[in-house]
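Across the two complexes that follow, chain A remains constant while its partner is chain B and subsequently chain C.
Then we have the complex of A and B:
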């Protein structure tokens, strides 16, 4: 249990700035995911917290104590690596107890802690095996066990699930989150997989080019993205974007641009955005696939989408098509009867945007004008 | 039917492709060994420019075991030489590899180049250079020692320290070889394991003792075996530095053989010496090989 603070932390390799400046506060007991595309600096940030990577400027504090220049072994953190990095010449037991043995802890205590971790991680019977004789999932659990036995202040995870197959990944996701809660730990989890972040995190910090684009709960990031990057990064299939200028219409806004689109809005949102829109500035409208309704017939408030492809996933289906050269994805509900009532590829469907569920981003700054105006 | 002719063609191809190497092996390795065995059991004399050999059984070996004290001094020296030189080379080479691994960029390039310098020098240059450096009257080392009031020390002429001097030169010559193999070995290890170790160990010593060395065991064993076998073949350094003297203080096996065979023209006894050495080195190779294989299968249990 510990609280971590990053103050104006910067990382540069010579002239190449990886992280310009980051402030981050992680509360005790929190599970925070650092997410971002590759090259966003999320792993570097984690390694700076761990002490594996030097810090160009700024301060790392754990429970208020300055850790910036402290050696990794004295930071009281445990890290799970992407390749697990187990000691190949040691048995599972020796791998787990290594740090404690190096600290000359009481052998009885070591044995207790290891037994506890083995129990918790379901590794019973494997204590005397070497890592080579373990499956990927087992290795991953041993790597976690190596951290757990030390009862560290902070758990650091560097994409620990990316080497597992999809099914195991889902199960391990739950297991890690469960362990975190059970231990009352503070965890930082780096991943490029938004699903991992959404399902595990108390808060997500979304990084791009070494800057935090948004930090908040998964719900905040998904429902109220502060900028176009966040909106586009989270969600699968991706949010649909339409560029253009917006004018006020009857019961909503009208987008005039690559595609004409009617955006139904409540009175509150109409009022809040009216001024923004009036200036005629270029915007991008974002609509998630699930925020389209299928209309029975074409009207003034609908957009026609020629169906090019269909993905049926059982509990839902996605329809894909192109409007003005841009791919649009739309989620449609499925029912028990199967695929019979779904749109057919080749024929158009009529789409209507759900009221107030769209976003408007400034075309240059990328700010979400809806969130900014408080609508 | 087609399979039959295909099989025949495959067999032809197999035999054809193995033939050149087999012939070379027979001509250059197997025949000379048999020839050596024959020579070691004969008394060879040169009469009218032609060799007359006469079968004399084990008389040469009898001579070798009873009377050739110089050869046995050489055996003793060679064993001392191999153990001391190889031990020092392993320790220095490993330390230098650890140092070079930590360095980065230009430092590393310069360090590696400097470390590797001795191994690219021809042995003749090394011999000449060290003779000049270690000379009693005009040697640079003695000049330097003179400044601090020590010496002069007759590095190559004093029977008590001549062997140590030769060992020193061999260490200087062959440490880079160990360094190179060790560095390659270190770099092929999973670097993430060392990052993980940074969290676990309390001191660099612990990292070395519990992580680095255990992971390097396969490389260490192979290098050790290689150096041990190679050091039994030492000749050039001794020939160039001391010529086996003073007395028998730096006599090594190969030097005895060389002298007996070529200088004294005693082909039979020389062959017996060669054969004995050959068998000893062969046994050493087999033992080292078995040992490495055992260790490797043990560590393979661990890693595969």
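Then we have the complex of A and C:
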């Protein structure tokens, strides 16, 4: 259990700047997910924390102590690698006890800790096997066991679930989060999968090109994205974006763009945003698939969407179509009777945006003007 | 069912394999048979004659023969130089590919190894002779072992680099996080995992040392003479002692054969792993 601070941490390989400058504070006992697209510097950041990668500039502190130049073997952090990196010539037991043996711990304590981890991770009976004789899921659990027995200050995970099949991945997600709570650990979990981040994290740090786009609880990132990147990254299907300029209308705003769209707003939001949009600045409007209502008939406040495709998922369904060359996804509720009352491909549906559930981003900076203005 | 062309190809393949084996085994068999013949039978070109053991007896038990000592010299020099070369090459390979020294250092080392490996040994033997004579080391085991180490080092280093590249970087990083210094990583992870490779590279280095002629001819003296040099001395000014020469050749072949039979599995597997991946 420990608290981690990154101060103005930078990483460059020669001229290639991977991480320009990051400040990050992780509280003791917290489960933080580093999420972002491939190549955004997540692994690099994690490996800098672990000490496996040099730091170009800045400071890493654990519990206030400067760790920047401490050797990885002295940092007391446990890491689960994407490839698991189990020692192929050692049995499961030897793999798990390796770190403790290196520290010359009492053999009795080692045996206890390994037995405990074997129990926790459901690896009974496999102690004397070599990694080659284990399934993918078992290897993954051994890799976690190797960390657990050490009781390290910090647990570091680098996409440990990406080699598992979908079903096992969901189960392991829960298991990891459960272990974290049970051990009272502090964990940093790297993933490119937003679902993993949303379901496991206390807080998510979203990275893009080595910069933190936003850090906060999953709810904060989903409901109040500070910028267009965050809004677009989280959520599936993706948020729908419409470009244009905005003018004030009756009970809301009107988007004058490629697709014209009416954006119902409460008095509070109207007042807060009126000034911002008054200058005629270019914006992007973002509406999540679940924030459209289906209207019975066309009106001034609706948009027509020709249905091109339908995805029925049981508890919900998504309707897809194109408006001015841009794909739009809309969530529609399903009921127990099945698919009978769903829109049919080929015929249009009328969409109405739900009041105050849309976002407005500055077209150049990407800032969320709604969140910024406090509306 | 095997089609006609496949069968033809198979037949061709067999012919090539057997032809190749004949080229290798033929002379060996000829030497083997000569080693059991009298000098007169060999000179007369008799294919069949009553086998005799005189050649071996002279070699092993005669007062004038030092051949057992020559074999011992070869074995000692071979084993010691192989062990040294393996230690150096494995450490060097580990340093090059996992400790990330500056690029120019790696390039320099591998470049030197390549150039050194390509130049014929005889190029160096003359200067080595002068160097070791000046140092008063001519004819010592030290001189022979050092030069044999140097001779086998480039090839062994290249092989070990290949084998160690097969050990994933993350494995070493995991061990580092588990509290190992680089020295401990080397001992506990790298060495156990490259055993097969070391066996393969070691077998090749040993055989190279065992069969070396050029270096030993110039740097050894009466007491440190190795088997191949001793065999050459059977060709004397006034007569060539064919029988003893053949017997000595047979005896010097035996250790290499045993080594290959025992190590074959490792060598083949090791070399394949290095080559394919």
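The rule we apply is simple: the second predicted complex is superposed on the first by the 375 of 375 C-alpha atoms of A that agree within 3 Å, B and C clash if a C-alpha of one lies under 4 Å from a C-alpha of the other, contacts with A are read in each partner's own complex, and residues count from 1 in each chain.
We adopt the following convention: a residue touches a chain if its C-beta (ideal position, glycine included) is under 8 Å from a C-beta of that chain, and two chains touch if they have at least 3 such contacts.
Quantities reported herein were computed from a predicted structural model and do not represent experimental measurements.
> So, on chain A, is it clash or fit between chain B and chain C?
In the superposition, chain B runs into chain C.
> Looking at A:98 after the superposition, I want to know if it touches chain B, chain C, both of them or none. Which is it: first, second, both, neither?
Once the two structures are laid over each other on A, A:98 reaches both partners.
> For A:87, is the partner it touches chain B (first), chain C (second), both, or none of the two (neither)?
In the superposition, A:87 touches chain B and chain C alike.
> Touch test for A:130: chain B only (first), chain C only (second), both, or neither?
Only chain B; A:130 stays clear of chain C.
> Go through the superposed model and pick first if A:322 touches only chain B, second if only chain C, both, or neither.
neither
> By the touch definition above, which chain A residues appear in both interfaces, chain B in one complex and chain C in the other?
50, 52, 71-73, 77-79, 81-83, 85-89, 98-99, 102-103, 146
> Touching chain C in the complex: which residues of chain A?
The touching residues are 50, 52, 71-75, 77-79, 81-83, 85-89, 98-99, 102-103, 146, 150.
> For chain B, which residues are in contact with chain A within the complex?
Per the stated touch rule, the residues are 190, 192-193, 195-202, 206, 210-211, 214-215, 217, 299, 301-304.
> Using the touch definition up top, name the residues of chain C that touch chain A in the complex.
168, 170-171, 173-181, 184, 189, 192-193
> Note which residues of chain A are touching chain B in the complex, please.
Residues in contact with chain B: 50-52, 71-73, 77-79, 81-83, 85-89, 98-99, 102-103, 130-133, 146.
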